[in-house]
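Beneath this line is the structure, given in structure tokens, with notes to follow.
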């Protein structure tokens, strides 16, 4: 249930179009919908501006499917992250038009809205192997109503690749920078612009990268301010954060 | 040299009010001013919207003083972080009106601008011992032209302290949450609002907090999206990031 | 051999119903029963109030089966944790009515006793993916004779889900809180009640959760006192600890 | 304000002995008392059965003193942990009878109550150097109304020292075991009794003890169930947890 | 080539039974035998009293086989550790009587010598799951000519299991103690005897045992002196060290 | 495009043999060639003296093949590291003569140049299991035009194996030393010679080697100066660094 | 009370020279002597062949003094490790002839016995800065009745320094090798001899030595078997272990 | 004793100008000079081309002084690193002209040689606080006979500061890059040039830099090949490595 739907319901009560019992019925599953193994936070859109996103990893195929079914009663578009092929197939049986973004491991069930924010979110990856995480960020931001562009394989080994895209960097409202190995790219990007940077370390690399720890520490210790860091491989969190920021840029 | 100053200079050249040699002289120390031990990045305001901030830790008293002297030629207000009392005293000999924020260990040399952003930045601390880091964030944001409010000692041990300030949380454009020990507060706050949260882990605590590692990991692993994390005790970085975000909320 | 059986034996010796040789025979395998690869601690129920629990991980199928066979001679119900499907199948050949709790990976061979404690143990999980560990705790406490209730998927991302169950929290004698990722839930729960909380970090999450380290540190560093922490994913230890505590609440 | 005081107040309102305005005045500083730098959680005794305890580390002398002053308006006894000599001296100026436990670094301002629980809490230390942490636990439990006994320097290097005190171990309702270095004692103790054990790792040791990490890991990984672990050097948390458990043993 | 063989050769040269050229031929592959991918240290028995032991992990099946072939020319018994079934099968094609100890993952090619040391090496394991590592130690010591006894599943959860075997502990010249999880057993054993203890941490456990780190740190930090620690799961190293020590106990 | 090709092109423009449009066409894909998922850094040979090397891990088979196709337009020999068998098979379909070094997991597509440096690069491995990493280094250096020799299985357990090769060590211009487990060999080698040593820790070992961390720390902490360390298992980086150094030894 | 004294006492009882009450009086403080803050393990010499050693770090000056006083009633020589100058001064007031080994931070109160073991313990240090730890080992072994020699500053940077002392290495029964930084020396030494090596990592070094972690890991991961490792900077533990081993070499 | 001196001595023996006894006297302290607490490696210049460098940290003032005295008998210039002011004062009493580089904490006793290598070593620091480590590298290289230039405060926050010095980077034979915090500069520099880069992480920073671990991991994981890493804050090691490399560039 989103803000608009709640407002309509309350106006219908006031105007007498809906009686108290009917309203109670509609509202009774608030503030969450209990499936036993999951309590779907149906109020989340009201509080946070976007419905709960399903973290599919560690859930059974049946649990994911059932949560999606219940959520489609309230929301036009549902997002499932870190999903498996099998979870997607189960979702498709109940939401036929659902789409699976294999790179991003994301299920999108329902209509992706037209961009509601004019500002641009730019998603940059340092290497080709970082693309799946960058796609997770990009898909998240698109589903949340943003205009998104991608700039892949622009790491510091050939720094002209990012310098040559300076104009694109300047144009964006928020820049998401995804990097593994030494994770130096977010600092370089942040030093060139006056907009917030969301840094996403990835587990790409080997040896002393310790599954992404190296890139994470690099980003946290950047001598360049204006960077917010999310968890290793957390493209979703970056896309979400970028969306909250980009929304601020809109004249309401 | 800020954007306005550069534009004036170029217009003066075009109009003939300033000849090429004079312009060259003015511009010659671009893009940085080399003191030998430091290369002051005089273009930083042009690129990033705010002049270079001096990281005083590890610099001698004389180095800090000399950098401030050189920077005052270009900028109306200069910020020095992680400064000692002695560094401040040296700065005051060259910039008499400079102020020292003892909690935040910040030197402000010059005029703090009137807030140029209407949006509110709210700085929350989980405990009393986290206040110095929260103040570092707040002073940074104020010097960068923001309206800032403080809400201190609102940790999860008495969760009603944050729930009772729900209205204030909702009002802010960006919320900075500073917490040591288990660092759970940013996740709780982010779950209640639809604005970006900047999370700052602090080294407050003992034992298995490992000087802030505990709070840092908590914030990175939050199941609540919409959080960007900065380094342990990095109030400055949080204030800077919040300022970049808050500026997006302005109609230009 | 439990306390009651031992007492009977000794009284039989005193009354002459059992001669010394017979008693020696009965007692000869005390204080442990040596299988070569395992020394079954047959006195454990006497010392600790509950027989040895079999840690199945790392044991062969045959070893688990043989230990169960030997233990059923002394105890009405035997618990095997971190068991595989194959180990269970082997146990079922010797204890036909044995039950396998697939979620909890627990074998229960024998009768689960009626709850002998009136006090309630409440098992709370932060997310759906934490349920297996929570079930491990719940099954353990049930086998040890406790009344157990479950409250799943009540994490801090939607904090009203736990606040709305305040009455249930207050009712319990002990609350087990199972959480992965940032592991903030135990602190929030402990802050609301005046009963002991057993905190169980799980390895649920990714990246900088470092297989549960993040949640573990959070729980150890909680600013809320009244929390005892067990090993990552150690639902069994939590259920056992809760049982020892709950027993104290009984009038003997 | 404790439960009794609140009940009296409400009965006075019902009986007309106190008017609404007077009640409002009494209740107005609920649920917390805001000093700016601290929000004293005045409801904590209602929720948790014991007032907020002051974590003195990282607070200024003046902050500690002011918090104590404000809290004495509501509570007969106040506990301050990790306090310095100087903080204590400041407290003594406002609460003349306040006592400083130098070993435990604890300020007790007010009357320690007579033990209200009949059950015994036994505090065991592995070595002499662990005594300060053990004392922190013991003082906390005493201030919370428990009967406490101490058994110091009983580590596994001479295991007969703990085995010879078996009777004392059996007598206790809860045993707090404090150990540094390899931290093996809690597991040995837990294996001998059928009561809950609270394990406190200390930072005592050197080299690969990594400031208590070694003892912490030992306790978390104990093959003996029935142990709840608290943070390194967190005697306070252990005393608090033990008190919550011991209270369950009382017939109310 | 062992010391005896070398002495004979030199005496044969002196006595004229072997001419210089023949001796040169015999000695030419000293001090190592180069296979390209491996330099077999043929002098190791002379220097260390036992021939090189083959660390099979990370070597191909063919490499292990070829090294064994070459070594059998010099030594009556060859030991291969961390061997796979496949490596063993290949060895058996060239040394038909070779034996595979599946638990210990050890290949023994050749005759195990009669015990040459009278002293006893006792190998103790804390749990059943630690047996493979304990067997690795025991087989190593047996191949090196020692009398070895085994005492398995004697961990601290039921401390009487080790106390009841006190006599056996006292009898040994060296005690190898193998333990996972919290790894407390070596300290308890060392505290009971006046002989050296070799402690072997294992990776048995889960969660915060961090693949054996927990047990390793426990053993290094033991408050009981007289313990030498080897690498996690390094039964071979323990058996080797014990053999060197046991040999000192012989009257030569 | 290498330096020679670029110079020819510019001279052709100057002499009129090539018109501006033709030159533009040739240069248009400078400074990188954008495939969407990858930006091939075509200028790298100009800047660094060797074309970009493809890090195949984490790239799809198709991506590797397409990058190779595009690069063969500019370079006579292309190197792909950490490649799979499948990636190689795909490359072979487009570059028939491509060779796969299975040990080194390296694809070499094109002609390996004759050694252009007279100086010798010596690649030493401590054990047989370290050979794959040593081969990665050796193949890299060979492809970059160096004379390379190998000396395998020369670890400190039989220190005469390295001392006996002293002459070979002295002959080399640069020595690459590859070692796992305790990683002591580079320090011993560096102490014997007056040439730079490149140290490569490997993940060979088990237990407390923590996947190569042990060898890495050993090499970084060597009391012997003259050692540069690369990432764990990074034979490629070592070979590349050695090539840059060896080139300095040439009279140009 | 040592074995001899106990035997005499029992013989005196048998012969009637001492009556039961007198014997009880003498034995009453067995098996430990309780000072409240310490339980002196008076039986330790009986069990372990050497009286309890006082770990002075973390004990007050008065505690150390009182423990020494009580122990001198039972033992001819007492050893206190990690002692401060002040603790020593206090001991000297009660045991006038006590000696302080400043390097080793060891108090020796009483007569050092003549060497009772013929075998040699050789103590080797890699660097000059490692001498204090090496001295701690040497003094411990001397006080326990061993013949000890020292060989300092023989690290791998100049490996001939250890090779030139080969004869001395061969002569020893046990070799203690003390090394900081990369800690490679114990492996090199062990590879040259056929006697057990006790390896002591020290915290000497900086940066990525992580206070001795580097040397510790090196020693644990040595590819050379025959090494037992003790805690970082634990010279005492090494001297104690070496003494237990050396005693085995005696014909009794 | 250097190579030249040794050659002269031997020629003098051959020609009869020096008799055997005299030569023996001269050579008798070979290959090291034993002071008891130190074995000065007098052959190191012969083996490594430069005499032993004194690591002063952890040595007493007297030890440093005595080592210098002894070494001046053999070498014209002696280098002491990580020296204290007090150590320097003691050295000056025996070598009056000795110089102390306070930034680098380096004692230079004797004549710095004229540059013997034509190639340039460029020392770059990322920040002002990194200068002491950069100076340690620069002084080392100068004492070893190299031409050295410095380029300080050129970090990635203002990347034009390094790009503008491109010409200087290209000119150097070896570039030493010193950086703390995120340590990204070496990768950026290496990507721009075709010469070897020595990367030195520093402990400059705070929080999650973990005393230089962050910068260290960044440098090890760089996606740019051609970088050799030394220990945290190890300017000396970098200068030494750079000198060995630079010497290769000379035509001999």
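All chains are identified by letter, namely A, B, C, D, E, F, G and H, in their written order; residue positions are counted from 1 within each chain.
As a working rule, contacts are C-beta pairs under 8 Å (C-beta built on N, C-alpha and C of every residue); 3 or more make two chains touch, one makes a residue touch a chain.
Every value quoted in this text rests on a predicted model; they were computed, and no experiment measured them.
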Of the pairs given as A-B, B-D or A-C, which one copies F-H, with over half of its contacts the same by residue number? A-B
Compare the CA centroid of chain F with every other chain's and tell me the farthest one. D
Measure off the straight-line distance from the CA centroid of chain E to the CA centroid of chain G, and report it in whole Å. 27
Taking each chain's centre as the mean of its CA atoms, chain A sits from chain E at a distance in Å of 55
Separation of chain D from chain F, taking each centre as the mean of its C-alpha atoms, in whole Å: 61
Based only on mean CA positions, could you tell me how far chain F sits from chain G in angstrom? 50
Out of chain A, which residues touch more than one other chain, so two or more? 55, 127, 157-158, 191-192, 207-209, 213, 216, 220-221, 223, 231-232
What pairs of chains are touching here? A-B, A-C, A-F, A-H, B-C, B-D, B-H, C-D, C-E, D-E, D-G, E-F, E-G, F-G, F-H, G-H
Which positions of chain G touch chain E when the two form their complex? 47-50, 53, 55, 119, 173-174, 191-196, 198, 216, 220-221, 223, 225-232, 236-237, 240-241, 244-249, 251
Which positions of chain B touch chain H when the two form their complex? 31-32, 36-39, 41, 43-44, 52, 55, 57-59, 63, 82, 201, 203, 211-213, 216, 231-234
Okay, in this complex, where on chain A does chain F touch? 127-129, 131, 152-154, 157-158, 160-161, 164, 204, 206-209
Chain A residues touching chain H in their complex are 126-127, 155-159, 181-184, 187-188, 191-192, 205, 207-210, 213-215, 217-224
